[in-house]
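I'd like to ask you about the structure that follows.
Chain nomenclature is as follows: A, B, C and D, assigned in order of appearance, with residue numbering initiated at 1 for each chain independently.
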Amino acid sequence: MASNNHSATEQNTKRHKVEGPKKHIVAFIFSILLTFIAFATVIGGEINKDFIYIILLGTAVLQVFVQMAFWMHMKDRGHRFALIGILTGVFVVFTCVIMAEYWVWW
Amino acid sequence: MSAHTHVEGQLPHEPEKATLEGRNKVLGFWLFLGGETVLFGTLFAAFLALRHQVLDGPTANHLFDLKLVAFATAILLTSSLTSVFAIQAMHQQKVKSLINWLIVTVLLGVGFLILEIYEFVHYVGEGHGFTTSAFSSSFYTLVGFHGAHVLFGIMWITLLIIQLKRKGLTVVTAPKVYVAGMYWHFIDVVWVFIFTVVYLMGKVV
Amino acid sequence: MMKRWQFVKRLAPLMAMMVLVLAACGREDLSTLNPQGPVAEEQFGLMKLAILIMGLVIVVVFAISFYVIIRFRRRPGDKTIPKQVEGSHKLEIIWTVIPIILLIILAVPTVQSVFNLAKDYRDDPDAVKVIVTSHQYWWEFEYPELGIKTAQELVIPTGKTISIEAKTADVLHSFWIPSLAGKIDTNPGGNVNFMYFSAPKEGVYLGKCAELCGPSHGLMDFKVKSVNPASFERWAAALQEPVALPSDPAIAAAFESKCLTCHAVGDMGGPAFPNLTGIGSRESVGGILVNVDADDKKYNHEDTVYNNLYKWIKDPGAVKPGNLMVDQYDLTDKEIEGIAKYLSELTLDYE
Amino acid sequence: MDWLTTVDHKKIGILYLIAGGFFFLVGGLEAILIRIQLWKPQGTFVSADTYNELLTMHGTTMIFLAAMPLIFALMNAVIPLQIGARDVAFPFLNSLGFWTFLFGGLLLNVSWIVGDVPDAGWTSYAPLAGTTYSGDHGVDYYVLGLQIAGIGTLVGGINFLVTIINMRAPGMTFMRMPMFTWSVFITSALILFAFPALTVGLAALMFDRLFDANFFDPSGGGNAVLWEHIFWIFGHPEVYILILPAFGIISEVISTFSRKRLFGYSSMVFATILIGFLGFMVWAHHMFTAGLGPVANALFSIATMLIAVPTGIKIFNWLFTMWGGSIKFTAANLFAVSFIPTFVMGGVTGVMLAAAPADFQYHDSYFVVAHFHYVIVGGLVLGLFSGLHYWWPKMFGRILNETLGKWTFWTFYIGFHLTFFVQHFLGLLGMPRRIWQYLDGLGFNEMNMISTVGALLMGVGTLMFLINIVVTSVKPKGVANDPWEDGRTLEWTIASPPPEYNFAQTPLVRGYDAYWKEKQDGHSGMTPAEPIGPIHMPSPSILPFFMGLGLFIAGFGFMYSPDWGQFLGLDLTVGHFIGIVGLGITLICMLLRSVIDDHGFHIEEEEILKDLGGKA
C-alpha cells in the first residue's frame, strides 16, 4: 500500500546479516555480573550507605542500558519513536520519584 | 493491511515488520511500554514514600531473604535471554526452535512465579500481611503488579505457542511473538529495579 | 447589528457594578482586597502587581483582537485571496521576549515573598504560639505556652506575631483568614504545617475552612478576635479560672452526664470536643450562628446568644449537617433551655 | 447492531459525540442545580450531602465523560482524514476505547440511581475519600468508573499516536501536518504518560477502600499528601490534554475563515511541544498550601509561569493569522475568534495563581473556579463548539443552521461571562469554593445571583444547539466536498460524509495546507499516489462491547463484595464471584481476539468507481 512509503525511514531498509547469539550471551553475562556486584555490595556491607545506594542505582541503570540496547534492539535503527516514548516515560518517572523522596515527608 | 500480498513460506528477514499492521503493533507496543514505565514509576514512588512506615509490622531488613530473591532474579534474567534466542530463531525462520525457546521462557517464568508466591506466603507467616502497614501495602502492590505482569506474560506466550503450532510463523503471528518478547524484556527490566530498590536497598540500614 | 447593541446594553450595568465592588473592596473583616495585617498586605501587594501585568496583557490582546476583527472582516462577495504569510521572526521574537520580561517582573517578588512568608516563628520567644487542630466542622486552638485551649474563636493580642502550627484530627481542612493571611492546609499524620500572621488593629476577623471536608465544609467558619495585649492577658487568665456547674441540680446533672462526657468547661469534662469555657461571650455559636443583641438581628443566621445556643443544642444537625454532635444525647426541652441559659451566661470578662 | 460492532473511525467519532454530548448535558444539569442552590444566601434547594455529590459529579462528569470524549469525537472524525489515511492504526482498539469509556461513565453515573454518589470532590482527596469518612459506596463508583473509563482513554491515546506516526499519506511529513493533527499528537502523548499515574492512584485508593490497604490512611502509616501528588502529576497534564486539541481546532478554523495560512506554523508546533513538556513539571502548583516548603513553592511558581510564554506565542500567532486576512464570521468562526481573548482572560488568572504567596489567598476560593471555567468553558468548550460547527458538514453531510448557530454563540457567550466573570471577585472577597451555603450579609449575594442567571443563559445556549441539530438533521443530505469553500486540509478533498474507505486513492501531499496548495496551483483536487484498486477493510466486531461490559460487571461485583454474603461457603463472596466473572468475560474476549485472525474484507474497484462516479 502506498501510504506506508514514508514509513520506510522507520524500518530497517538494509537487510543485515543474521545475527549470532554471541552478543546476547555477552549481554547476559554483563547483566548477571552487574546484579552480582550490587548483591555483593549489600551483603558485604560496612561501606558508607550513600555510596552503596550509588553503586546499586548505578548497576541497575547500567543493566537496563545493556538490556535495552541488546535485547530490546533499542540501538538498532528505526526505533526513534520507541526511544522517545521510553525516554519520556523515564522523565516522568524521574519527577515522580523525586517527589516521593523529597517532598512527601519533608 | 497488505497481509495478503506475502506468500506463505517466503517470510522476510524481520517478519514482524513486514506489514503495516505489524509495524503499527510494534510501535504501539513500544509506546504502551512507555506508559507502563510511568505506571511502575508511580508505584515505585509510592513505595519509596511509604517504605519506612512499618508500624508494628516487620521491617524490610528483617523480612527479606536476599539469596532467594537473587535466585529468582537469575531465573528471570535467564528467561529474558531465552526469549531473545526465541526471537533470533524467528528471524532465522526456525519455527521449531522458536517454539522450544518460548517453552523454556515460559517454564522459567513459572519458576519465578512459584518462588514469588512462596516468598509472599512466607512473609504473611512473618506477620507481614497486605493490610499490616503502609509499607506492606505498597510492597505487595508494587511487587504484586509485577507478578501479575509475569502471570499475564506466561499466559500470553503460552497462547502464542499454541497459535504458532497451529498456524505456523506468518506475518500475522510474527509481530505477536516479537511484541511478547519485548514485553518479557520489559518485565525483566522492571524486576532489576525492584530487586535493587526494594530488596537490596531494603537491606541497607 | 441589533444583537451587538444588546450585548453592550447587557454588559453596561455589570461593568458599573464591577466598578462599585472594586471601590468597596469587600468587607474589611473578610476580603483579601482589604488586608488588615502585614501578611495579607504583602500578599495583596503581589496580587496588585500581578493584576497590573495581567491588565496590560489583556489590554494588548483585546486591542489587537478588536482591531483585527473590525479592520479585516470580509465584505460580502469578496473573492480576493489575501497574501499568505509564513510568519515573521521579528514579531515572534518580540512576543516571546516581552512576556518573559513581564514574567521576570512578577517572578522576582514572588520568590522573595515565598521565602518571606515561610519564616518560622515557632522558636521565637516574642511570638504567640498557637496549635491549630481542625476537626470535622470545628476548630481547636491550643496555646501551648499558656496551657490553655479554646475552640472556634482564636483570641490574639494586637501587634504580636502569631505563630501557627496546623494539623488535623481527621480529614484535610485549610486554615484561612482572608483579611489577615492566606491559607495553610491542615494535614493528618506527621505532616505538620506552620505559618504566621499578625493583626495590628483590634477587631473581629472572619476565618474559613478552605478545603472540602464533608457536608458542612461551607459552614466551618471561625473568628479571629484581636484584642489589646492587656485584654489578652486577662482573657488567658479568665479562661483558666474554675467554672461552676448550673445552679439547678437537675440541669447540672443533665449537663454533667450528657455534655461533659465530650466537652470541657473550666477544669471539668473531656477534651475531645470544643471547649465551652466562655462560650457566652464568643462572637458566635458553632462558628456560624452569630450572636447579636435582640434588636440588632438582621440576617437569618443572627440571633441572641441564648437563642443560638438553644437552636444548636436542640438540633445541631439542622445547623451543621453531618456533625458529630448529632444523635449523641437525649435532652428534654426543659433541660435544653436550662443548659442554653447556663451556657449563655458562661462569659469571660476581659475587654 | 451496526453501531455496536463498528470499527469505522467516523462512526466511532459519532458514538463519542453522542455519549460525550449526553454527559455534557448531565454535567450541565448538575451545574445548573449547583447554581440554583447558590443563587441566594443559605439556600436550601438541595441538602448539604446532595450538594457535595452534585459538585463532585459535575467536575468528574464534565472532565472525564464530557470534555475528553467530545475531544475524542473530533479526533476520530477528523484525524485520519487530515493525514490522508483510510483508517486509524488500530480500528479494533479504537472501538474498545469507546466502549470501555462508555461503560466506565455509565458505572459512575449508576451511582445516582443507587443513591451512593461520590462526594469528595473531583480530586477525591484522602482521607475524606477513604472508608473512614466516606463509608458508603460513593467513592467506589468514582474509583472504578474512572479506572475503567481511563483504560479506554489510554488505549485511544496510543491508537492516535501510532496512527499519526505510521499512517500519514505519502509526502505528509511531520512539518506538513495540519495544526489540529499536531495538537492531537501531543495530546495523545500526554494521555499516554499522564493516565498511568492516575491508574496507579486509583488502584491504590481502591485497595485502601476495598481491601483495607494503607496507602493514604494516616492511621495505617499512609500519607494523604501522597495522593495529592499522584493525582496532580496526572491532573495537571490532564488540563493540557483538554486545551491542546482546542488550540488545534482554533488554528484550523481561524486560518480557514481568514483565508490565510497559519501565521508562524513552526513556532506553533514548537510551542505545542513545549506546553506539553512543561505540563509535567508544574503539578505542585495545586499544592502550594499543602506545605511543601519555600524551595518547592518557588520552583513550581516559576515553572508554572513559564507556560505563559509558549501559550502567548500561540495567541499572537492566531491574531496575526487574522491580521491582513479576509475574515468571515460564520458561527464556527465566531466561537473561534471569541476564544482568543476569552482564553487569555483565563490564562492570565492562571499566571496570577502561579505566584505562590498570592495563591495562599486564591487557593480553593471562587477565584480558582473562575480561572478554570474561563480556560475550560471559555477555552475548551468554545473550541469544541467551533469545531463541531466547522466539521459538522464533514461528519454528517449537512451544514448546521447558521442563524441558530449565531444565536447559540451569543447566548452561550454572554451567559458564560455573566456566570464566571463575577466569580473572580467572589473569590477575592473571601468566598471559598465547594461550599453548600454562604451566609447573608457577606456581600456575596448579588454576584451569586448574576452568576446563576448566566448559567441559565448558558443552558439556553446549549438548548439552541440541540434545536439546531434537530432542525439540521431533518434537512436533506448532500453538501459539497468543501462546503466552506476555503478548506485548506485533506479532509475537504473528499465527499461529505466520506465513504467508508475515506480516500479512493491515497493522496500525494506536496506541502503544508495540502489542499489549499493544489487549489492555488489551479488543480481541482489532490494528485493520487496510487492507482485505484481494491481496498482492504477490517471487519466489524462485537468483542469490544463485551469487553467493556465485562469490566462494568466486574466493577460492580468488587464494589459490593463486602456487602454480599459468602459464595457457596467459599472464601469468596458473591461480589468477588461476580467480579471474577466480569473479568473473565473481558479476558475471554481478549483471547478470542488473539486466536481468531481478522482477515477483513475488500471493497472492490467497481464499487469505488461507482462511488466516485456518483459524485462527479
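Throughout what follows, a contact is a pair of C-beta atoms (placed from the backbone, for glycine too) under 8 Å apart; a residue touches a chain by one contact, two chains touch by 3 or more.
Note that the structure is predicted; figures quoted are calculated from it, not measured.
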Farthest chain relative to subunit B (centres taken as mean CA coordinates): C
By count of C-beta pairs in contact, the leading pair of chains: C-D
Length of the line joining the C-alpha centres of subunit A and subunit B, rounded to whole Å: 15
Length of the line joining the C-alpha centres of subunit B and subunit C, rounded to whole Å: 52
Centre-of-Cα separation between subunit D and subunit B, whole angstrom: 33
Residues of subunit C engaged with two or more neighbouring chains: 191
For subunit A, residues contacting two or more additional chains: 1, 3-4, 7, 10, 81, 85, 88-89, 92, 96, 99-100, 104-106
Subunit D residues counted as touching two or more neighbouring chains: 165-167, 192-194, 197, 222-223, 225-226, 229, 233, 291, 293
Touch list for subunit B against partner subunit D, complex: 1-4, 20, 23-24, 27-28, 31-32, 34-36, 38-39, 42-43, 45-46, 49-50, 53-55, 130-131, 133-138, 141, 159, 163, 167, 172, 176
Subunit A residues within the subunit D interface of the complex: 1-7, 10, 81, 85, 88-89, 91-92, 95-96, 99-100, 103-106
Contacting residues of subunit B [partner subunit A, same complex]: 1-2, 13-14, 17, 20, 23, 27, 30-31, 33-38, 40-42, 44-46, 48-49, 66, 70, 73-74, 77-78, 80-81, 83-85, 88, 91-92, 182, 185-186, 188-189, 192-193, 195-197, 200-201, 203-205
Interfacial residue positions of subunit A with respect to subunit B in the complex: 1, 3-4, 7, 10-12, 15-16, 18-19, 21, 24-25, 27-28, 31-32, 35, 38-39, 41-43, 49, 52-53, 56-57, 59-60, 63-64, 67-68, 70-72, 78-79, 81-82, 85-86, 88-90, 92-94, 96-97, 99-101, 104-105
Contact set on subunit D toward subunit A in their complex: 84-86, 165-173, 189, 192-194, 197, 223, 225-226, 229, 233, 280-281, 284, 291-293, 296, 506, 529-530
